[in-house]
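The chains carry the letters A, B and C, assigned in the order they are written, with residues numbered from 1 in each.
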Amino acid sequence: MTVSKVLLCLDADDQPSVFDSVVALDAGVDHLLRHGGVRPENVRDLAYGLLFTRAVSSLRHSAIFIGGSDAPQGESLLKAAVDAFFGPFRVSVMLDANGCNTTAAAAVLAAGRHVALADAVVTVLAATGPVGRRIVRLLAREGARVRVASRRQIHAEGVCDRIAAAVPGAQLTPVTIDSAAAAEDAIEGVQAVVSCGPPQIELLTADQRKSARGLQVAIDLNAVPPHGLGGVQPTDAGESRDGHVCYGALGVGKHKMKIHRAAIGRLFLRNDLVLDAEEIYALGKEMQHAAG
Amino acid sequence: MTVSKVLLCLDADDQPSVFDSVVALDAGVDHLLRHGGVRPENVRDLAYGLLFTRAVSSLRHSAIFIGGSDAPQGESLLKAAVDAFFGPFRVSVMLDANGCNTTAAAAVLAAGRHVALADAVVTVLAATGPVGRRIVRLLAREGARVRVASRRQIHAEGVCDRIAAAVPGAQLTPVTIDSAAAAEDAIEGVQAVVSCGPPQIELLTADQRKSARGLQVAIDLNAVPPHGLGGVQPTDAGESRDGHVCYGALGVGKHKMKIHRAAIGRLFLRNDLVLDAEEIYALGKEMQHAAG
Amino acid sequence: MTVSKVLLCLDADDQPSVFDSVVALDAGVDHLLRHGGVRPENVRDLAYGLLFTRAVSSLRHSAIFIGGSDAPQGESLLKAAVDAFFGPFRVSVMLDANGCNTTAAAAVLAAGRHVALADAVVTVLAATGPVGRRIVRLLAREGARVRVASRRQIHAEGVCDRIAAAVPGAQLTPVTIDSAAAAEDAIEGVQAVVSCGPPQIELLTADQRKSARGLQVAIDLNAVPPHGLGGVQPTDAGESRDGHVCYGALGVGKHKMKIHRAAIGRLFLRNDLVLDAEEIYALGKEMQHAAG
């Protein structure tokens, strides 16, 4: 018996993600078991369905992907899945609800191609969402000094506190952006800015961006115009504009997709991986090194 | 990487159609992504999951099938899918909810094998449902003069008005059937009659059918007795009865299945097809010619 | 066209069983059509989707598996499926909701490896659940005298009455266990005891078991401690303890899995099998003989 690659797809949305499914198939998965409307209390029995059907020595051919549009719900499902494992009864699991991990990894890798993160100051705009928080976390682990920007001080501080607790030595500064002047201050003197705001909201105008002294890299993850960083185009993938190396949502997305596919492939090499932000970023870094 | 054939199956019913799935698998689809309970507002994100996961040059390997038991809901899903496409970001899509298109195509092709449609008068009974309306439309495009029959005058007129607006030069006559005499009048002097009524309702007795002068072809799409046309058997596939060439629901269905499978196969040849009644009928016609 | 093996999985639970799906894939099924939240009134149309898509000569490549966590609901779905079949329009179908049939078969086969069932007295504890009832039924058919034990007299009698009606000559004694003394009486002088109670409930202490005269085989289907039979370990698969041959839930489960996989494979040999307790037990027996 050849043991096929089975991926259990858990999704909090009623309609499970088609995006996640096609990527998984293109990454070589043989069979998808797709579940929508999944709640944390459903996960144990679903996971047991993988744990108790194949010999422990074959469990690396079964894995779990947690997707969907809602990253916090995805985090709850991930916790429930990991809680279901015991002893050798475990399978590899990846979280990428709303693309939070692959997007964060690709964005930080893009920045790291142009500035030495360990010596850099980086501003993350709209840093309090799932992608923004992960970007801050990854940057902090690389030794960057990070300005964690939000419209509300309390949110920015909350993110800083949580990440400081998780990343020893993290250098984080909460920044409140409640005016044009505050936005300009937030990027003054930084080497890179990453904008993680929602679709159709401009967080920095092109003029603000151009006038920031020392800025080298501008990364915008908002694909729907108006974009987050004025003048940065969605397809930018290292284009130079106004002296800044620019990346747009689609430019980052292309690399994100490669990381996503590679991460799915990796799930089936062992039965004990938990691929969250750090692990997926590390994989992306390996891929970057391998590509030279 | 070999790119597998992925078919996104959208279905308004809570339980997605098994029928549609088996036909798709037998037509060579590698992976089905089956969705039940789909509403028009769900379609864009589901379709995006196809559009943004593969290179544009590979999008012909992804396609959408809209099935289920409810044709009008299927029409809404088709519109939502086509609305989600933009520029080169599109995939081929087929509508066949409740078999409306493949059944209509097979029924009109059956009629056309025995009478020259462009010169014929054809009566469509119970013409106001999804299958009936499509049959009227296809007949009108072939140049037939069509008597559009319903129990209610206003429904028959509504169908005529809508099809006249869509098919330039369509020759349509609304016919109200509110008595046995009206039923007899409706088929007097026509070359073919197609009955599209619901299961277990006889629309014409065998005697009425036999006494219709000039009638050559009788097609009945109701598989559950009492059948729509008295004396026509479900398995009839060109049988001669009382001087009429007869087709029953199963006789038409056999050809319908071949068209359905061929249409699924065609979806994967290009990424820009919209297979609705006319396109599926044209495909059936090609198949008929190819078969000699 | 190679006809692929398609298995329609019907499940009353909202989230269809992952366990059942992985077993089916490992048994060689090519495509699963998985349905959760299935009610008996949904089954006909779903089954028709198999019956009307392939030629009768190919229907053995389509089959139905009824799983999920609720055996009585599974029984209702099985009835609805069989009711949908007519004439040659049928596919093979297997019921194993909550593993009721494969577990019962494996448990009775385990007992039969060590005692001659036709000459034995066997006690079934917590015999009124789906697994317990099936074990009583299979034992009765093998000619064993069965003590049918429950905490409530009326439940024990109900099971006896129903099985006596189904199995001519069945030798059944209802037993009420409402005290420690009653538990001891229930196994006094029997050759085998099978415990079918729920997780975390001990039905017999180790001391009670040890003091039962004549007891040779102790089988416990409760995997979550406290186990049903004191001292029997979940992984026991014929281990000798205190002079008893012991089987625990995992020990029985290993054989159960083999029977489950083999039964799935068998579904695709013909299109007219109904695999319920007796048929699955017979298959397990064949496998045991073949293995020597």
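The working rule: a contact is a pair of C-beta atoms (placed from the backbone, for glycine too) under 8 Å apart; a residue touches a chain by one contact, two chains touch by 3 or more.
Predicted model only: the values in this text are computed from it and were never measured.
Counting the residue numbers used at the interface between subunit A and subunit C, under half appear in both copies, so the two copies meet with largely different residues. Subunit C is reached from subunit B by a rotation of 120°, derived from superposing Cα atoms (nearest 5). Centres computed as Cα averages put subunit A at a distance of 46 Å from subunit C. Residue positions of subunit C in touch with at least two other chains are not found. The touching residues of subunit A, when paired with subunit B in their complex, are 14-23, 25-26, 32, 34, 69, 253, 257. Subunit A meets subunit C in the complex at residues 1, 3-4, 6, 8, 31, 33, 35, 37-38, 42, 45-50, 52-54, 62.
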